[in-house]
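We call the chains A, B, C and D, going by the order they appear; numbering starts again at 1 in every chain.
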């Protein structure tokens, strides 16, 4: 079945489209912003860190209309943030680098509708033959358990699981030393979003209300815990 | 020093720009392609997997002019692909999912100019206080060694290291069972790219010649090893 | 069952044969080459590194008619070369030492017929009660997957798996910094062999053709990738 | 310096000698014992497990005049046996397989004179640029400490360290569950040897006397601890 999904387009056609796309970028897009790109080439100074799913339908720069240089992005299956611990890999590295080397002030964890990873959490037999995927999704096991013990079946369960997964990954995020330290001093803000591919809606987690609300509904939903220390003034 | 980089823009201003960007997406961009997004909401069927750096200046969909749904993306510090082994994390998971669940036919590993991770590999003292970053960059140690023993100093060394890192990550990619299996049967193709932010140029690794050439120079540079089996015909 | 294999010979008889063998070496073999051994005692300068299985039927010095001092040997279950990464053990150490301290110019990875490790990879239930063996053989999982997806059943599958395992371990070998560096400059050569115990045949991997051929068939089969740098001339 | 060691013989000449050696084996040696090899091809039933150094001058089958099929061999830098624990690699695997799958009754740990690994333990600066070797030799740190606190300087220290290292690795061996279990029931015997390349002498550890004696001096030196349980009779 997986193999049949890609039969309409041959491997050569796929590569051809990618290379032609690059030619359009180089010939049509780049020349109009050449000075911007040349300046950008010297240093990055991103506005925020964006952690989202590898899903091809979720394009962070598109849905926030960001320019190159705006978002420091890490993407993986299920927008997972493993907790800080013995096994530290790519996500933990990206967090440490974004916070300590780049000094970002926002970290956004963004889930999305129709997520294959969330479906696999609900139906583990789908990934029975993918041992690495199965092991990775243990990081969403806490969300599955919350839903199983508190909630609903069917289609609605997928939405709730997707939300609970974002909440769980925000909790994981807070276990990282560099994050915890700056949350405690009010220097860093964290956000939990859900992007709906079919409607363009984005919901954000409001920790005070314990629920998700439209990201641009005033006052803006906040997931950042209260700072316990005042940062030193320069 | 890192903290001073973000002083020009306050945390509130940064978040405001991101939310305003989303409003432009929802109000201006989405309505023009609503039918496309609604269809996309049902399933993804990406053309290729794209493994690149978290660097904010590298936007895969921009530089290949791809649409949502085209590229399955995983991004981390240094566009690293850890080898298959006992410690399997997010990149290994994304590879297994892209190949086995989605059936992608191309995997592109894309490095870029002015990469902070590559600079850190050359100057480890820069990340001395970031233990997770330091451990992660061991996956690029092979590239550092190749350059140290074979090459040049100064600015040029950074370019060569960036290339060698892509070659090394392609070697790592080949240690993943799902990848090796489809390489052996000619069903999967792997590519090593370097994107230059300031010039828009993309170079690709040509394994037969042992060097990088413009990605769209005919015949297109190929990094895929020779297949040892003929796939069954449908 | 395993215990019954060794019932014909008692533990005392086994030790006795080993000690008597040593006496023959000391009394009959050594005196004829005493000057050679005395010179050898000062330093080793091996011609090649030989990585092969612990199997008692594979004697590297016998099948290449090598003298003491010729081959730097590391042997383990399944002639495995773990990829370079966070867990570095005996094989990685031997490689680093052979290449950096001894300056060997050839590394031969040699599998063999009727390999118990390869049989265990095909039938994991055989080692279900041997957790260390089972974990170790994950380094051959890539070979198992290649065979499962591309090939044949029965006796032939064991031969193909044995070949694919050697190819996989050559790929792993290339992830080691000391190896990659010297491959890039053409100072090191790697070889993938299969020794057939019952026929004395040795096949070697020819990367350009993507298949195994007799090791002494002209032109000799080569597994070494193309060098990207020219070594400095002395 | 390391690179200069191998300059007398070119890479081509080295490979040529190995291939010619194989031809002599196939054409001259194999035909005289063809029936023996054909029977051996079906199954291995080794007399003992032999753990020794990768050093090219130590050929286990030569110094015990063993035939193919007699010795199950694992070789690494310094004839190290890592203790049983979280990081289980090739040596631990070979032990588990030899004891549980093959049912060997003897395990011999064999050090040797002029060992580069032991010299590196005494002079760590020699391997300062070989991080993997350095980490691996931590398994011999206990031997270094014993010598430092109890013994002598100079050339003699190397001999004592080589002996202490074998004693330490025997202690490590006893931490492996499969070994400990069979030692407790008297079904397995362990031996600590030192082979002198220049004199052909082999010394063996006599645990009761706490010292090394000639391996074939009656009564044979024994390193196996007293069994605490009587094995069940069949």
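As a convention for this text, contacts are C-beta pairs under 8 Å (C-beta built on N, C-alpha and C of every residue); 3 or more make two chains touch, one makes a residue touch a chain.
Keep in mind it's a predicted model, so treat the numbers as computed, not measured.
Colleague: Kindly list the shared contact partners of subunit A and subunit B, in label order.
Modeller: The common neighbours do not exist; no chain touches both.
Colleague: Which chains, if any, touch subunit A and subunit C both?
Modeller: Looking at subunit C and subunit A together, the chains touching each of them are B.
Colleague: Half is the threshold here, strictly exceeded: which of C-D or B-C has more than half of its contact pairs identical to A-B by residue number?
Modeller: More than half of its contact pairs match A-B, so it is C-D.
Colleague: As a test of understanding: of all chains, whose mean C-alpha position lies farthest from that of subunit C?
Modeller: Max centre-to-centre separation from subunit C belongs to A.
Colleague: Quick one: subunit A and subunit D, Cα centre-to-centre, how many Å?
Modeller: The computed centroid separation for subunit A versus subunit D comes out at 51 Å.
Colleague: Just give me the whole-number Å value for how far the CA centre of subunit B lies from that of subunit D.
Modeller: Roughly 44 Å separates the two chain centres.
Colleague: Provide the C-alpha centroid distance between subunit C and subunit D, rounded to the nearest whole angstrom.
Modeller: 16
Colleague: Could you please state the distance in Å, as a whole number, between where the Cα atoms of subunit B are centred and where those of subunit C are centred?
Modeller: 34
Colleague: Name the residues of subunit A that each touch 2 or more other chains.
Modeller: In subunit A, nothing touches at least two other chains.
Colleague: Chain touch graph shape: choose line, ring, star, complete or other and state it.
Modeller: Line.
Colleague: Dump the list of chain pairs that touch, please.
Modeller: A-B, B-C, C-D
Colleague: Write out the stretch or stretches of subunit C touching subunit D in their complex.
Modeller: So the residues of subunit C touching subunit D come out as 2-6, 9, 11, 14-15, 17-19, 21-26, 29-30, 37-38, 40-48, 54-59, 61-66, 68-77, 80, 82, 87-98, 100-106, 108, 113-114, 116-117, 126-127, 129-130, 132-133, 135-136, 187, 189, 191, 196-202, 215-216, 220, 234.
Colleague: Mind pulling up the subunit C residues that touch subunit B in the complex?
Modeller: 82-87, 135, 138-139, 141-146, 148-151, 164, 167-168, 171-172, 174-178, 180-182, 184-185, 207-211, 225-229, 231
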